[in-house]
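Heads up, there are several structures right after this.
Paired with chain B in one complex and with chain C in the other, chain A is shared by the two complexes that follow.
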Partner chain A sequence: MIAINLRNLYLISREDFKNLFKNPMWLFYNLVFPILLIVVLGFLQKDNYGGAVSAFDYYGITLMIYTVISSGMTSANAFMEVTIRKPNMRIIYAPGNERVIYLAKIVSSFGFCLLCHLTVAVLTFTLFKIRVDAIPQLLILLVLTELFSVGLGVMFCCIFKTEATANQILSIVINIFAILGGLLFPMEGYGAVVRSLSYLSPAKWLANASFAMIYDHNFAWFYPTVMGLILAIIVVFIICAKTFRKEDCIC
Partner chain B sequence: MNAIVSVNQLKKSYNQKPVVREISFAVQKGEILCLLGPNGAGKSTTINMLCGILGYDGGEMSYRGENISSCLNRFKRNLGVVPQDLAIYEDLSAEQNVRFFASLYGLKGRELEEKVSKALDFSGLQESRKDRAKTFSGGMKRRLNIACAIAHEPELLIMDEPTVGIDPQSRNHILSSIKKLSQHGMTILYTTHYMEEVEEISTRILIMDSGTIIAEGTKESLKEDIFDERQFIMEIEEDQCLNVDEFYKIEGIKKVEKQAQTLTITTLKNIENLDKIIALVITSKTKIRNLFCRTASLENVFLRLTGKSLRD
Partner chain C sequence: MLAVFKNNCNRLWEEKMYLVVSLILMIVAISAAILLTAHIETKGNLALVVPDQQVLSERESALMANPYFNVTVLETTPETSALVQSRYDAVVTINADGNDAITTIKNPAFKTMVETALANPTGFAPDNRPIRQTGTNILGFMMMFLLMQGVLYARFFAEDKEKHLIRRIAMSPLPFGHYLLGHGLFIFLIIAVPSFLVLGVAALMGIDIGFSLPVYAGLIGVLALLATAFALFLNSFFEVADTANMLGSAIIILTSILAGSFYSLSKEATLFDKLLHLLPQKDFINFVNALEKGSLSQSTFAQLVYVFAISAVFLVIAVANTRNDYLYH
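Let's look at the complex of A and B:
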């Protein structure tokens, strides 16, 4: 039984992974769009930054975080997009546990987004000489955030039952995370209340941990952020398990 | 009889509204059992419960005498499903689609390739096997939908309205394929609201309406059981000598209508009186140009049982 489930998980993930690479929209969204964002904001803001930290240094990191926390949009699409949703029915008809459906979407979206975002990071960090340090720790944060984000996308689909609703709500949540986390513009000058609220955003923790490690070699933010992400991933997986209903795969 | 699947007192409600009301039936080995009913009769809900995609509120289902929930994986391994919607990956080729779905049933290597090729052959898609499904016509996609369901050679094939919205040529291809599958020993449960399909392929019929099974039998027995009448229709050379009232003296005659050159006689089915009818026409010096007997259609059966047409 376990062997069937593992084999089916592998087969479905592999197929979904290939399908994601065949979708030009998701390739653009995960590969080209982040580079454009970094280039545009880096150039627009270059006069507002100077000294040790350039606009590219700041936006290279924050917009990478923004890109990674947006991965949920990809997984929501891979899970419940109408052309994918219909073949999902056949997976339920096949022997094995139907939970492999959403697990496979998480696995495939995770692999796809991680590959795309690593490519973006290597390209932009090299081209714009963005300062990075503590690379193994940054990679751990990238992997965990990626897993949390794709899980979040699938979780929203399990709760709201359609890709359209899930993506609408997800994009609001992602942008609240991004604004509170100061990913698009620093939030330091908006008072104590906003500053306190900003800690509700995982983006804030990720940005603080990354900048502290890169510029101060300070790992004080790293460990709580990793613990928080692991906890968030567990919660997301539990909610997925509780809210997934195979009936929702009927078109 | 050898029941593959038995359904007993199965029921399902949506928001307190019953859509399937304690239905019971069995699917016998080798038969083509047609579940006939209008849209909203509860056919697809029944099928979805049987396939395990929908839960149910009461009753039980068994596979070869064993409760399905306790042998779910064995049942699923022997089950092929052709859903009403096209459950295929549009971006994959026909061959990739069939290979992927067949591999979920544990097939691999040479066995997988042989069965994929066989399913494509059977569906008439061998020549287009490398083409992406999204380039296919509606009929080809329907055939691919079937190929994906039969590649693992299931014992029971459930088909939920597989011919909806396709051209007559593809429909004929699908119907003849179903008959071939049955000849090869596959058991088929087929839902439809097309009467002609049921007439063509069924070995047994369940008529469903408003969540209940209202009749069960072969097409012949359903017509026999529901209707005790038949009609003789004569095309005659118009003759003023023919007195319609004379026919009522013949035993079994219920109604006689004469319109222009057509004489329609409704008579009890179990009384042999055709010779007397013909004799009366001939003695009235009326020439019979043509004579045929009209028996009830399944549409009539449905109309008689429910008081409404199947496509209402």
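Let's look at the complex of A and C:
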């Protein structure tokens, strides 16, 4: 692999980053939608909880995880967006490494999503007094998961070459993970079979790690989850590198 | 109209990879729905903390035999995170003096219920909560996926708009109504047929799916109609596929949760609950629930009619909107 010019990567990422702010739909999906989701579910489930732990304490955390694993939608759409196809083609012709095309998409959507989701987290967590603890560790999880899901979106684009397939796969995979992992409603209480099925979902691992750290200062789930995420990120990047072909960016 | 339909089929056939992947995913999603609902147990989960050398009293053994509770005996108190994640609904700790202490994060009403159960374990039965049966659960889980698939399969319509093919269609003798119906037919069939086949296979394998296959055919038809109408409605507003796509999935997730497609959210007949009936998903799931329990009434039929009506409204708006955008008056 030819060395990647970091300055090029920075320049292209910066343009991509600016481009993400231009489409109001990206902002809606990453900023408004998560807040709406947390507010709606939190208020609806409020009466089911007593005083010690509120509905927001549960749904705030799980829906943040849901939002973060959905970032793949943003990166996949940013990669193959209509307005960005022609600039991509120019980069192919420009001197330098063409890998900056997809790396810049990963970097820029990572930055964009992280910024949006941190805003959502700060806003909702203070507004609804959601209990958090072990903030540095949670931030590590947030950053790693964000990188993984953004990479995943780009990976599906690299494999299937079309945005439509990537979208279709992402929307189903993310939602199956979310339901299995109990992000949209708690799955733990539905019997032993469902409980063991839920561990198939990485979202479950994230939720377990977060809740164990927040409520019990128990870091037993944290380290395996971090290791798993790092491994998954490496795999995603390798697959991107193997399947990306610059010919696909020609339009 | 048929020409549009055929053309869409050819376009899909050109992308076999996409076709295969999307069909596999559809099958996976529906199988997951069947698998999950087949194993769901809706019992209250209690943790009974018995410090060592303590013998279970008669009362506690009776509690464990109660069919409405799933009691787990533990030696130490479970972690708070297990309670937050609803692993246990309540923790009953037996103190050295034989008294019980109940810890729960659920509402006071739930705590009172556990207290009553603990006081009289043999005779205890919870108030008859409306528990959903298999068929309703399967359709509830499928609903969100089918609706999202609709928006995704509307991509040929979106592509027509994105690549301005639609301007040429506007010049052709084909009326817009027919053109959109062609797209609609395509979306309808590609959603309804695979999902029905998966359920058919499940029924043949002897899995309990709640309804008979002809009933499922009708219900999936209604759902596919709603998905198609919503997809065309949404896409008629935007020039770019991504926008419709992301907005569509956001709306569908939010409304499906609100409508209680996974579990019923609101119990009392509040104003909010009445407003929720504006969501077609809520009416649909109510109708299915009534159908499965055999408690159909005039109002549940009205709910089904509402689903048809709102689909029709979506379609009409989609046609009117597209005509407005692309025909010159």
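In this text, the second predicted complex is superposed on the first by the 246 of 251 C-alpha atoms of A that agree within 3 Å, B and C clash if a C-alpha of one lies under 4 Å from a C-alpha of the other, contacts with A are read in each partner's own complex, and residues count from 1 in each chain.
Just so we're on the same page, a residue touches a chain if its C-beta (ideal position, glycine included) is under 8 Å from a C-beta of that chain, and two chains touch if they have at least 3 such contacts.
Quick caveat: nothing in here was measured; it's all calculated off a predicted structure.
K.L.:
Assess the superposed three-chain arrangement around chain A: do chain B and chain C clash, or do they fit?
P.N.:
Once chain A is superposed (C-alpha atoms), there is room for both chain B and chain C without a clash.
K.L.:
Answer with first, second, both or neither: which of chain B and chain C does A:P95 touch in the superposed model?
P.N.:
A:P95 contacts chain B only, not chain C.
K.L.:
Between chain B and chain C, which one contacts more residues of chain A in the superposed model?
P.N.:
C
K.L.:
Pick one for A:P87: touches chain B only (first), chain C only (second), both, or neither.
P.N.:
first
K.L.:
Thinking of the overlay built on chain A, is A:K246 touched by chain B (first), by chain C (second), by both, or by neither?
P.N.:
first
K.L.:
After the superposition on A, what does A:A207 contact: first (chain B), second (chain C), both or neither?
P.N.:
In the superposition, A:A207 contacts chain C only.
K.L.:
Which of the two partners, first being chain B and second being chain C, lies in contact with A:R7: first, second, both, or neither?
P.N.:
Once the two structures are laid over each other on A, A:R7 reaches chain B alone.
K.L.:
After the two structures are laid over each other on chain A, how near do the C-alpha atoms of chain B and chain C get, in Å?
P.N.:
Checking C-alpha atoms only, chain B sits 12 Å from chain C at its nearest point.
K.L.:
For the complex, which residues does chain A have touching chain C?
P.N.:
Residues 23, 25-26, 28-29, 33, 36-37, 40-41, 44-45, 47-50, 52-53, 57-58, 73, 77, 81-82, 160, 162-165, 167-169, 171-173, 175-176, 179-180, 182, 184-186, 188-191, 193-195, 197, 207-208, 211-212, 214-216, 218 of chain A touch chain C in their complex.
K.L.:
Show me the residue ranges of chain C that touch chain A in the complex, using the header's touch definition.
P.N.:
It comes out as residues 15, 17-18, 21-22, 25-26, 28-29, 32, 35-36, 39-43, 45, 70, 79-89, 104-108, 110-111, 141, 144-145, 148-149, 152, 155, 162, 240-243, 245-247, 249-250, 253-254, 257-258, 262-263, 265-266.
K.L.:
Would you mind writing out the residues of chain B in touch with chain A in their complex?
P.N.:
48, 51-55, 72-73, 76-77, 79-81, 83, 85-92, 100-101, 103-106, 148-149
K.L.:
If you look only at chain A, which of its residues touch chain B in the complex?
P.N.:
1, 4, 7-8, 11-12, 15, 19, 22, 83-84, 86-96, 246-247, 249-251
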